[in-house]
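Per-chain numbering from 1; labels A, B, C, D and E assigned in written order.
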Amino acid sequence: MNNEALIPQVCVITNVRVDTPDVKTFRVVALDGKKPFVHKPGQCAMISMPGVGEAMISITSSPTNEEYIEFSIKRCGCFTEWIHQAEAGQQITVRGPYGNGFPVDTAFKGQNLVFIAGGIGLAPLRSVINYVRHFPERYGTVDIVYGARSMGDLVYYKEIIDEWCKDSNINVHLTIDREEEGWDGHVGFIPNFVKELNFSTDKTAVLCGPPIMIKFTLEGLKSLGFKETQIFTTLELRMKCAIGKCGRCNIGSKYVCKDGPVFRLDELDELPDEY
Amino acid sequence: MQRIGVFVCWCGSNIAGTVDVQAVAEALKTEPGVVFSTNYQYMCSQAGQDIMKQAIKEHNLTGVVVCSCSPRMHETTFRKTAAAAGLNPYMVEIANIREQCSWVHKDMPTGTEKAIILGKAAIAKVNLNTPLTPGESPVTKRALVIGGGIAGIQTALDIADAGFEVDIVEKKPTIGGKMAQIDKTFPTLDCAACILTPKMVDVAQNEKIRIFSYAEVTDVKGFVGNFTATIKKKARYVKEDVCTGCGICTEKCPQKKVPNEFNLGMDNRRAVYIPFAQAVPKVATIDPDHCTMLKTGKCGVCAKVCTAGAIDYTQKDEFIEENYGAIVVATGYNPISMDKFDEFAYNQSKDVITSLEYERLMNAAGPTAGKLLRPSDGKHPHTIVFVQCVGSRCSACDEKGKEYCSKICCMYTAKHAMLTRDKYPDTDVYVFYIDVRTPGKSFDEFYRRAVEDYGVHYIKGMVGKVMPEGDQLKVRASDLLANKQINIDADLVVLAAAIEPDKSARPLATMLTASMDTNDFFTEAHPKLRPVESPTAGVFLSGACQGPRDIPETVAQAGAAASKVIGLLAKDKLTCNPCVASSNEIMCNGCSSCANVCPYGAITYVEKEFRQPDRTTLVRRVASVNEAVCQGCGCCTVVCPSGAMDLKGFANNQIMSEVDAICK
Amino acid sequence: MQIENKKPLIVAFCCNWCSYAGADLAGNNRLNYPAEVKIIRVPCSCRVNPMFILRAFQRGADGVILCGCHPGDCHYTSGNYYTRRRMALLFSMLDYLGIERDRTRVEWVSAAEGAKFAATMNDFVEKVTALGENKRLEDLRCKK
Amino acid sequence: MRKCSLSNLSAVFDKISENLALYIPVDTNGGAKFEKYESGMVMSEALNTVRSAKDFFFPQIEDVAAFKVEGKNIEVVDTRVIKDDFVIFGARACDVKAFEVLDNVFLSDPVDSYYANRREHGIIFALSCSKPVETCFCNAFGIDCTEPKGDVSMWKTESEMYFKANSEKGEKILALVADLLTDGEEKVVESEKAKTKEVLKKLPLSNLSPDKFGGGKTKEYFDDPAWKSLSESCLGCGTCTFVCPTCQCYDVKDFNTGHGVVRFRCWDSCMYSDFTKMAHGNPRLTQLERFRQRFMHKLVYYPENNNGLFMCVGCGRCLAKCPISMNIVKVMKTLGGKN
Amino acid sequence: MQKISRETLIEKAKELLQNGTVSSVLGWKAGEFSYDVTPATFNSVEELEKDFVYNDFCGANFSKYLVKATIKAEGKILVFLKPCDTYSFNQLLTEHRFNREKVYVVGIPCEGMVDVEAIRKAAGEGIVSVECTNDGLVVDTLYNGKVKLAEQDVLLERCKVCKSKKHVAYDELLGDEGEVIESKRFDEVERLEKMTPDERFAFWQRELSRCIRCNACRDICPACTCEQCVFNNPKSGVENKAAANSFEEKMFHIIRAFHVVGRCTDCGECSRVCPQNIPLHLLNRKFIKDIDNFYGEYQAGAEVGSRAPLVNYTTDDIEASDAVRKGDGENA
């Protein structure tokens, strides 16, 4: 019989990294020690523990990483609760990759990019950021605006400081919500920060974060003169099949799992307000 | 995921004889969550416990399964061991592989197989255990005694004696209760007043005891150690602290025609009165239903004659709120109403009286100053018929009586018969009985004295009808032993009316969430083992509110209740059983099923605001469990249709995981 | 087809205060009963949710027995009275659905009745064995 | 065109069922229902089965895979088995059309192998309707109930059953029972069809039209205030969804058997309150959103993605079965009537 | 035919709306055909006059709607309740499921409601119209022309064995208070009890195997108003979305029936709405019959605040083993 999308492959967690008190990053390879599949930046995969649950998680590692894939998971439900107590060597099942991913070869090509993320929202963007870092020649300038509630809630902090900040064509702008000891960076909410940074409109913006942050950041970007066609975001809804059949992740006629999760803002505006 | 350590005990050869402990430890090693598994000769020995402690520390265990003897034997031991190693004691589960395995199965393969399954079930449970911490609640070191009869008096005295404060709430103007109305006590025939009134004085003089007479408990909130009671002090229109009890007012009051309840209405008192000479507190009370001043504003005699100036017509009911650690119910009993017993002509003839009325007729302080005179014409009766079991021991379908035996009637009737014959040898005394029940110290001797020495005619049989005719009462009865009808022309008929709990008991039980039986007697926490405690923690039972009993029994129980109270009040804090029910408020419907089945009244309902997904708030009625009161039976969890109620330590998912493990 | 004399699986819910102690006493007195009986300790028989009983059958039990204190002796005063009502109705319903009535039982066993516990279990196992495997309330997915 | 007398139909059934599984509609206490044919069974006269024929290809429950978990290791077990050929006898035109709707979902990339497997091995004997009822409105979706598609089309007269094979699969089965069939005349069938068409004109819903709906109408209807009154009494049960031949939403769940995990999928309903519930919220909070989703899906979203094909075949099951008598016809008339 | 007319009800609703007693009306709305009425909220006289209906197809029990409606509504809701609905109403009040103050109950008489499936069976499929007259129903059909049917023959099962015409809760009555009536509702249960266990098993296996777990029975049930149903709760241990096999079919219906023991008023809605015609009322009625038989007659909802049999006991209740024997008519 044909390969069946719903039947997953077994993979193994080879490394668990604690990013914040409620986010861990899991390094995963197939049983043969190789990457389970090739993906595009921004795509997701369904990972599962039989008997516990299955969840759609964005792949946070860049496709340019040849050795493994990574998932950053925030603890918030049954399955995520389980995987947070998993150790290296634990097998899980993985199927995918799913979704459209970011248009790294089309819309982003040659563009100046500004990535704006809040909290765990950096996870899906990390894949594309590292992809862009890998091919600096294909893109223009890169700005990264990232914020979280507190310093401890900033994911990939070490990577941001040790790698991203050291890249010559990347400007990293970090912010946290409230003053904190040991933090000498910017303090304040992302939407305001974005406005303060006063980006010129020759950039393509990519957003990911909690709905409330997205809402106000969009307003900010628009006030700076950004057009809908210049803004991309990535969504998350409840999913079961991840292949556009089970019928629950649609917004209007679009399925987030199949037609998304990445949408250009003008595409999203065409859809009913139900997410 | 837990990190579980499994410890299989050999119990010498007790377990190891029929269970291959090595194999069990080995088999359980691969169960989910298990990170360590071992076996040892005697897990409960110091060495065994040390192994456990060391393993807990070394392997960072979060849970422990001991395969050993019954948890009833060593659960506490192993919990303490775990706690000593820094593990929450409630993360320990026992697989009973001795009493329920090695000792009841003979061959090794069978025993081993079952032991493994029992071990798996315990592991499955521990996987879902959560650390539990027993809650603590403070104890208010004061007791409330409701009812000031001999039961309440004795309880209060005993508690006060141990150094704790006690409040007595008595609804009548004086304490003393039924015993104060009684003439002599069986089987010693000593005078009730002589033994009771000194105790009443002790109460009055005890610094630790406060008496709220002419008062009622109107509300009780809280739980064991932390009750708050509202006491209504009814206006007596006499300043209690000023009144000297001289009694002038009660002599001068022009309203003379008030039936005297102390003498059961057989004589009259004034509108301002002191129930009896030795009343405590000895303070006058104005009866607002009969006082002309209070009713019409005209009179004021008592105020004029009171030299102390104690009369205050403007007094209002006063409400006092007080905190208590324990509550003792001593609400006592009453004879049942004879209204329904037409066959005995109680309502037709004044000469048909109840035994309590007879007590008053015999009492020197009674309406006849102790002379036995008929209420109708004041003549001396010559033929007296006593009828036993009036309203007691009725069949369940009989609507007018009680099913139970009132217990005290046989003895007081023997007493009455004997005293009558002793004082008035010219009387003929008949006693009709179903059975004579005399199980008590010197009781049967007492009864036999009545028959043998005093010539009381005891006739086994029931009185069918009493018919007033002229100034006589025609008593038609049957003699079951002689198998014949008997007709007696009596001058006086005395009915041994059944006793029932005081009417105030039921509303009180509701306030206390204490349970009652169908007869409105308070139920005890355990009929054998906890006979003086109510199932509601912190509520204790004293005297006839729990069931018919005589004075010695009442006093004994009163002391027992006091000792339980003292035991409670002696503690500074109460540690609660952590295995209690808890309600998931998000899921609770507020249907009240759980509260209805809770034997302890541990569940109350609160209106709570919930944030809805659409950001609005909604106020819902949800169950809330008082952990200090819940005893952890789990009854509520099953009546909860949504499954909102669960029991810590024996949660739905824990029990189901055990089922799964056993059935795997 | 080969007829295999499979041993039944019995789940016994025992209340902590009476029946579990009764089972312990059976052990103390070395009174044998079949190893097919597996005991689950509950604080009171009234803790047993009908869901547990159905769960046991689903997972492969052939018989389920509830043991509690004698009526009137409940450690929690009234728990077993509720148990009695619930189980009377539940068992009557199971019977109504055509489930063999000998697969379920409620028995009052006090802490002193070790002998009764053993005898009850022997009898129950015998009855359930006679009925054979539980087919009417089985979940095939749970069979090996 | 081939035919057999109705009295001979059981012989046809017997013959087919000797060779492969045969399902025919039979009457039960709960109405007509497809059941595996056993000798002696009588075919139901009912217009339609209570549950649709979608069960054959998309059953209410089916195993997806199994897992064995030991320690940290997982083993995936492919539990799929290739189906044997089977015959669905007597599905109506609406249900057959519904297969097309389902095909667009399950056979589009990535192909759902469970559905494909069943679909490949299912042979459909579709029966023309002769007595449509008041709840029928297949006409509105361009379905000719007298010309059912399928591997074999069938027409029933007073005394005979006519067969016409439309595919090789159908030919093969008819060949199997060739001895029991004789040649039939088109004319008889045509006159039968004409009779039915007369009835169709008289049906109360004969004028219903979905023209106001279709792809691209999301904005037009999504915020219509009428959704509120339409959905206010909806119980949120799954009756409409489960009797619907085109509803295909499913859930994937794991069941722990005690010695492994079975992953199965089962029908789900967008009417259920937990359909889109996530750990941190639900995009369709009230019944209004859920109700709207179901009908927008049928009338707008699906046509948008499938060349205008509506996700309703007018079988009328939901009209008959909804506990509160709310249905797609009322929705179409209310929303469509406004413009 | 119903004794009370649509116009009378509209008149009453109008009056109460206009004098400000209520701000909305819970009633039945006309449908496409004669028989497909839908529960609806009416906020104005115009709406009432346009769509309000009351006829032989108004079987729906509105009590459950009040749980949610009273939360949403600003003012009082007028609800028309038939006698059997009032029992559910009281039961919900007993369980504190809504605020009585927010409801104005007008009790309306009921002559029994009609089952459209039964009409289809009796008159043939293809119902063009149904006219309710004083001497029965006149059904116009596509294939059999006009067919006259006696109302008694096509009543809903629950109405055929109606247990009570008594209104046990109302603010106002249109018509009599009514009385509890002698009912034969347990006959069918008895018939099953008399079968052998094998027959009973076969019966239920057959009936329950049709269950499609659409939850209509649960969602319509006035006793099922849990904030979260155990069958929807993954943590309950019995969650199931679809009955995977005959065990789960039975488990769902056993647990559902058990959860409403002593709370089920026998309103019959579960059987009315079951798309598969499973006689679910026979499960609930078995419990009701057993309760009556074991613990004395008890009618849920007869009075507010009554104590249901499962939250009550006596010290001499029947033992489970005797109950099973007594349940099927054997002497205990």
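Here is the rule we use: a residue touches a chain if its C-beta (ideal position, glycine included) is under 8 Å from a C-beta of that chain, and two chains touch if they have at least 3 such contacts.
Here the structure is a predicted model, which is why all the values come from computation and not from measurement.
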item	value
If a chain touches subunit B and subunit E alike, it appears here	C, D
Selected interface, B-C versus B-D, where C-beta contact pairs are more numerous	B-C
Subunit D and subunit E, separation of their C-alpha mean positions in angstrom	30
Separation of mean Cα positions, subunit B and subunit A [Å, integer]	66
Chain centre separation (subunit A, subunit C; CA means) in Å	54
Distance between chain centroids, defined by C-alpha means - subunit C, subunit D (Å)	46
Residues of subunit D touching at least two other chains	251, 255-256, 258-259, 268
Per-residue multi-chain contacts in subunit E, two or more chains	230, 236-237, 244, 310-312, 314
Where subunit B touches two or more other chains, by residue	597, 639, 652, 656, 660, 663-664
Residues of subunit D defined as touching subunit A within the complex	64-65, 67, 69, 72-76, 78, 80, 82, 105-106, 108, 110-114, 116-117, 215, 218-219, 222-223, 248-252, 254, 256, 261, 263, 265, 268, 270, 275-280, 283-284, 289, 293, 296-297, 300-302, 304-305
Subunit A residues touching subunit D - in the complex, by the definition given at the top	1-10, 49-54, 76-78, 80, 87, 89-93, 237-238, 240-241, 243-250, 252-253, 270-272, 274-275
Residues of subunit E defined as touching subunit B within the complex	71, 94-97, 225-230, 233, 235-237, 259-260, 307-308, 310-312, 314
Parts of subunit C lying in touch with subunit B, wherever the complex brings them together	9, 11, 16, 20-21, 23-28, 30-33, 35, 38-44, 46-52, 55-56, 59-61, 72-73, 75-79, 82, 86, 118, 142
Touch list for subunit C against partner subunit D, complex	59-60, 141-142, 144
